[in-house]
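Once you scroll down, you'll see the structures, which are given as C-alpha cells.
Okay, so chain A shows up in both of these, paired with chain B first and chain C after.
Up next is the complex of A and B:
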C-alpha cells in the first residue's frame, strides 16, 4: 500500500506541479491566471497519443511536435484571451476570456478526437510494478523542467529579461525590453510545459478530453499552496498534494478523497493566505 | 408532397363546392391526408459527444424507410424521414421538437436517443399529443398518465438493474457483491438503486463506492472490495477509462473476480486501454438476447434475417446491431400503425401502439398497453461476454441456454 501511495502520489503530484508551473509562467509576464493551463496538459496527452499511436511517429519526433503544438496554443491564447484584457486587469475579465478559450479547446477536442479516453503508448518500455515508467516519467519531467527554468531565469539573458518583465513590465519596457514579445514567449513556454505534463503523465491519465478541468483544478492548488509565481513552491505543493490525495484514496476512499483534498487546501489558505512559500504582499501607504 | 397553384385551386374549388352542397369542409382533407407522406421526425444526436448511438440508429432508420418506400410505401403513402441533428444538446433538441410539431407537422417522432435530451422534450411532446417512441433508459421518461404519447422500445434502467442482479445471484450464484459507480449523477443513482435491489433480494453488498472516473489508480477501491470478500463486482459507469483501469488493476492484483454491469464495459475502445487482452476476460456487460450469438456463433433466426437483409447495404463493423435494429423497428412501428389503422392521426397511432402484444420487432418483441409503455421484455436483457464483439453483436455470457 505504501509503495502504491508513493508511486502514484508522486507521479500525479509531479503532473499537478507541472500544471502549476504552467500557471506561474503565464502569470509572470502578464499578471493573468490563465485557465487554459489544464487544457494544455490535456492536449499534451491527446497530441502524444495521436502522433505516436495513430500516426506512428517515434518518441523523438512526437515529443517535440507535441510541445510545439501546445506552444502554439499558448501563443494563440495570448493573442485571443490575454492581450485584449490587459488594460483592464482590475476587472478580472481574463477569467472569462481564458475560460472561454479553455472551453473552446475542450469542445473542439471532444468533437475532433472523441469523448472516450484513448490509450497512450509506453514511451521507453522501462520498469514494471511500482517502478513502471508511468510513475517516474512525470517526476523526471518535473525535475528537468524545474532545473531548466532555474537555468533559464538565472543564467541566461533571456531569462533575466523574463524576470524583469515579471517584476515590473513598465520599467522593463522603459529599458527597451520587448515586453510584448517576451510575453508571447512566456505563453509559448507555458504551452510547452503544460504539454510536457500531459505527455509524461499520459500513461496514467490517458488521452482524454475531460482531463482538462481536472488538471485545471488540481494544478491550481499547488500554485495557491506554494505561492503565486513561486515555481519551487508549486513543485513542493504539487508533490504534497499528490501524496495526500493518494493517501486519502486509500484511507477514506473515492469521492471523499476529493473532499479531504479541498478541506486541507482551505485550511492551509486560512493559515497562510499568501501560500506556504509566498511572501506577504506589500502595500504602498 | 408539393402542391402546385393549380392543384391548390382545384382543392379549394372542390372544398367550396362541397361546402355549397352542404358537406362539412373537413371532408376535403382526408383525400389529401391519404396521399401525403407519413412524416417521421427523427431527433438524432448525429454529431458531437455521444453521437455513436444515433449514427447507428440512423442506419436502421434509413434502411427501413428505403425498404418500405421501395415496396410502394404504406397504402401508397411514402415514408418521409425528417432528421434534425440535436448534437446531444437539450436546447437544440427542444428547438427541433418545436419545429417538428409546429412547422414540419410530423405524424410521429422517433428519439431523441439520450436521456438528457429526452428529459427536456418529453413534456413538450406530451402537450402536443405527439406519438413518440424512444430508446432512452431513465425510468421517469415513461409515465403513462403524464406522457400517454411516449413509448420506450429499449429497456429502462430498472430492467438493466434486474438483469445484472439476476445474473449475479441466479447464474453466477454469488452471495457477496461490491457495487461501484462513477461520480456522475447517473453513476451515483444507478449504484444506489443496484445496492437496494441486491439487499432486497437477500444478497450482501460488502463494498460500495463512487469513484471519480478520471482517478488514475483504482487499487485502493479494488483492495477494499477484495478485503471485504466480494465475489463479483458490479459496475455502473459510462466511462470506458474507468472500466479499463478497473480491469487492469484486477489483473495486477492477480484476482479473478468477475465484473458485471453497464454496457460500456463492452465498448470497443476498451481493447486499446487494457494492458493485455486477457485483462478484459471474465467481464459481463448488459446486452440483448436478440443481438447475441450462442456458443455455436449463431444469432437468433429473426435477427439473422435482418443481418442478411443488411448485408452489403449497411455496415455493422463500427456500430452495434441493436442500434441499427432499434432504428429499423421505430420506423416500422409507425408504418404499421398507419397501415393497420388507415390513419396517421396521433390518437390512432397511439391507440395502435397501446394494443400491441408481442410485436415481433428485430431488436425486441414489444408489448405495450395503456398502462405499460415500457415495451421491451426484461427476460431478453442478458449479459454478454464484453470482449466478444463481432459485427455489432456479442457472445452470450456463460450460463445462458
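Up next is the complex of A and C:
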C-alpha cells in the first residue's frame, strides 16, 4: 500500500506542482492570479485525447500541438481578461474576468467535447505496477519543467528580462524592456506548462471537462503554501499535498481526504497568510 | 460672503443620491412588490414556480450583496449556504436524527447553523488576500456537496431526501409563493436598513478606502463578522425554502451554476445598491425561462455576462438607473469655510491631556526613517512639522496614527500609553487625520463620505440598525446633521448630495477635513493639506485650521508651504533625516541658522 500511496501521491503532487507553476508564471509578469490555470490543465488532457485517440496522431505531433493550442489559450486570456483590468489592479477585477474566461473555456469544452470522462492513451508503453508510466510521467514532466525554467530564468537574456519585469514592472519599462510582449510571452509559456500538466497526468485524470476547478483548487494550494511566485515552493508544496491527499485517501477514504485537505489549507493559510516560504506584504500608507 | 452667511436656512437641501430612506427611492421597491403581489392574477402556476424561485434566490442574494457589493469581498461559493440550509431544514423536519419539528422552527435552526457556517467560511477574508478568499469559498462549496454525498445516514447520499412540507395555507403553489415573497420582503427591509446605516457605509469604506476606514475607527474584523453571520443566516433560510420548493433534494440540485447566478446577480445589479441586485436576481432567474433553448447554455451565458459587465459596465444596473450622477454641479463654486458652524459642531471641548512621543525610532530595512524623535502636542495649539523630503514628517504622522509600528519608543496621551501599530484604535482616543492623497469613496456622496468620520459615535448596535429601531434613527439623524455642519464649516455644503468622484482635488482635501471633524477630535493630524490648493484656498485653509484649534483641538500640520506654517502655527518642529533639527516658536525657528541652510534656503 505504501508503494501505491507514494506512486499516486508523487504523480498527483507533480501535476498540482505544475499547475502551481502555471499560476506563478502568469503572476510573475502581471501580478494577476488567474482562474484559468486549472482549465489549461484540463485542456491538456482533452486535447491529448482528441489528437491521439480520435485523430490518431502520434505523440511526437500531438504533444507540440497540444502545448501550442494551450499557449494560444493563454495569450487569448491575456488579451481578454488580464490586459483590460491591469490599470486598476487594486480593485481585484482580474478575479472576476479570469473566472469568467475559465468558465467560458469549461462550458465550451462541455458542449463541444461532452460531459463524460474520456480515456487518455498510453504514451510510451513503458513500465507496469507502481512503475507504470502514468505515475512517473508527471514527475518527469515536472522535473523537466522546473529545470527548463531555471535555465531560462538564470542563463538566458530573455529569462533575465522576465525576472526584471517580475521584480519591478515600472523600472523594467523605464529600462526599455518590452513589458507587454514579455507578459504575452509569459502567458503563452504558462499555457504550455498547464497543458503539460494535463497531458502528462492524462492517464490519471482522464480527458474530463470538470477537471478544471479541481486542478484550480489543488494547484493553488502549493502556491499558497509555497508563497506567490516561488516555483521551488510550489514543487515542494505540490508533492507534499499529493502525498498527504493520497495517504488520507487510502486511510480514511476519498470524501474525507478532500475535507482534510481543505481544512489543512485554511488552517495553514490562517497561520501563515504569506505561505511557508513567502515574503511579508508591503506597506499600505 | 453675504449669501453664504444665511445659507444654512435658505440653501435648498441638495437631493441625496442613492438613499433608500427617501420615499422616492422606495418607489421602485413598492412598484415591484405590487407587481409581485398581483402575480396570481395570471392564474399560471408555472409563473408561481419561477417567481417563488426568484424570491428564494433574493433572500440569499440580499445577504450576499452586503458581502460582495458593499464590502467588496469576493465570496463566490455561496451555494454552500443554500445547500446547508436545505439539508438542515429537511433533516430536522423529517426527524431522522432528532425528533421531528415544525418546518418554521427548522427554518430558524437552519438560520442559526447558516450564520455559524457563514462566519466560519468568512473568517479567512479577515486574513487572506482577495484571490485566496475567493478560492477558499469555492473550496468550501465543493466540500459541502461532497459531505452531503458521503454522509448517507443523514442526507440520503446521492438518492437524496424529501424536502420540508409546509402546512396550510402554504401547501399550494400560490400559498408557498406568498410565504417566500414575505421572506423576500423581510430580507429586502433588513438588508436595506443595514445598507443605509452607518454599518453599510462602513462596509463600503472598507471596500474603497480601507485605510481611511481604519482611521475613522472602523474595526474590520468585527464588522465583517456581523455581516457574515447575517448573510449566512439568510443563505440558509433561503436553502430551507428552496428545499420546500423542490420537495425532494439531492446534492446535484446545488450546482456551481447557482453560486455563479448569486454572485453575478450582485455584480449586474451594481456595487453598493440594494435595488440593482434585486433586479439582477430577477433577470438571471427569468432569463433561462424566457429563452428556453438557452437553458443548457446558461452557465456559458452567465460567464459571458460576467466578463461583459466587468469590462463594459462596471457600475451595473444601479449605475444605469442612477439619474443623480448626471446632475449638474454648481457653476463658479468656491470653497468658503464658515467657522460659525465649527462652534455648533465642536462646542468647546474640555482640554485633552498633551500627546507625547518619546524616543521614537523606526527603521525600514537598513534605513532609519525616524531616529530617536521626541515630540509634544498640546491641546488647542497648531503644531507645524516641516523638513525636507524624506525627513520623516509623514512617517511621524503614520506612527502617531498607528499605521507604522516603531521599533523603539513610546506614545502616550497624558498618563495613558497608547498601543503602537493599532490604527483602528486611534479614533477612540480622539485622534483624527487626513491623507496626502485623499482617501475618499468615489461612488458615495460627499455627505456619506463625511458621515463615515462619525461612525464611532453611533450608539445603535448592528441588530438595532438592521431593524431600524429608535436608537438607530436617532443615530442617523444626528450623524447627518453633524455631517452637514462639518461640510458648512469647511465650506462645501452645496456639494453634499453629489458623488465624491465628481469633485476637484482641492475640494476632496476639505472633504477629508470635514470627515475628520466628525470625530470632534482632541488631536487632528493633517498630512500636507495645502498641496494642490490655490493661494486663496491656502489662505482659507489656514483660517480654518486656526479656527479649529481655538475650539480646543490640537492640530499637527505636516506641510511644505513654509509660509502657511509660520503664519498659523504656535509651535514648529523642523525635522531632518529623522531627527529634530530645531523647534520652538515660529520666530525662533525662522531665525535658526541650520534651518535656514538646510531647509529654507535663504
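Just so it is clear, the second predicted complex is superposed on the first by the 282 of 285 C-alpha atoms of A that agree within 3 Å, B and C clash if a C-alpha of one lies under 4 Å from a C-alpha of the other, contacts with A are read in each partner's own complex, and residues count from 1 in each chain.
The criterion applied here is as follows: contacts are C-beta pairs under 8 Å (C-beta built on N, C-alpha and C of every residue); 3 or more make two chains touch, one makes a residue touch a chain.
Owing to the predicted nature of the structure, the values given are computational and were not obtained by experimental measurement.
Q: Report for A:174: first if it touches chain B alone, second if chain C alone, otherwise both or neither.
A: Neither chain B nor chain C is touched by A:174.
Q: Given the touch rule stated above, what does A:111 touch, chain B (first), chain C (second), both, or neither?
A: In the superposed model, A:111 contacts both chain B and chain C.
Q: Looking at A:258, would you say it contacts chain B, chain C, both, or neither? Reply first, second, both or neither.
A: A:258 sits against chain B and chain C alike.
Q: When the two structures are overlaid on chain A, which partner does A:1 contact: first (chain B), second (chain C), both, or neither?
A: Only chain B; A:1 stays clear of chain C.
Q: So in the superposed three-chain picture, is A:249 touching just chain B, just chain C, both, or none of them (first/second/both/neither)?
A: Only chain B; A:249 stays clear of chain C.
Q: Check whether chain B or chain C contacts more residues of chain A in the superposed model.
A: Of chain B and chain C, more residues of chain A lie in contact with C.
Q: Determine, under the contact definition given at the top, whether A:89 touches first (chain B), second (chain C), both, or neither.
A: In the superposition, A:89 contacts neither chain B nor chain C.
Q: When the two structures are overlaid on chain A, which partner does A:126 contact: first (chain B), second (chain C), both, or neither?
A: Neither: A:126 stays clear of chain B and chain C.
Q: In the overlaid three-chain picture, which partner chain does A:270 touch, first (chain B) or second (chain C), both, or neither?
A: second
Q: What is the contact status of A:224 with respect to chain B (first) and chain C (second): first, second, both, or neither?
A: second
Q: Residues of chain A that sit at the chain B interface in one complex and at the chain C interface in the other, please.
A: Shared contact residues on chain A (touching chain B in one complex, chain C in the other): 111, 253, 255, 258.
Q: So in the complex, which bits of chain A are touching chain C?
A: 33, 80-81, 84-85, 92-93, 95-97, 99-101, 103-104, 107-108, 111, 213, 216-217, 220, 224, 253, 255-256, 258-259, 262, 265-266, 269-270, 273, 283-285
Q: Can you name the residues of chain A that touch chain B in the complex?
A: 1, 4, 8, 11-12, 53, 110-111, 115-119, 204-206, 208, 210-211, 214, 246, 249-250, 253-255, 258
Q: Under the stated contact criterion, what part of chain C meets chain A in this complex?
A: Against chain A, chain C makes touches at 74, 76, 123-124, 127-132, 134-136, 138-140, 142-143, 146-147, 149-150, 210-211, 256, 260, 267, 296-297, 299-300, 302-304, 306-307, 310-311, 314, 398, 403-404, 435.
Q: Note which residues of chain B are touching chain A in the complex, please.
A: Contact set of chain B toward chain A: 47-50, 183, 209-212, 214-217, 219-221, 223-224, 239-241, 244, 267, 269, 272-273.
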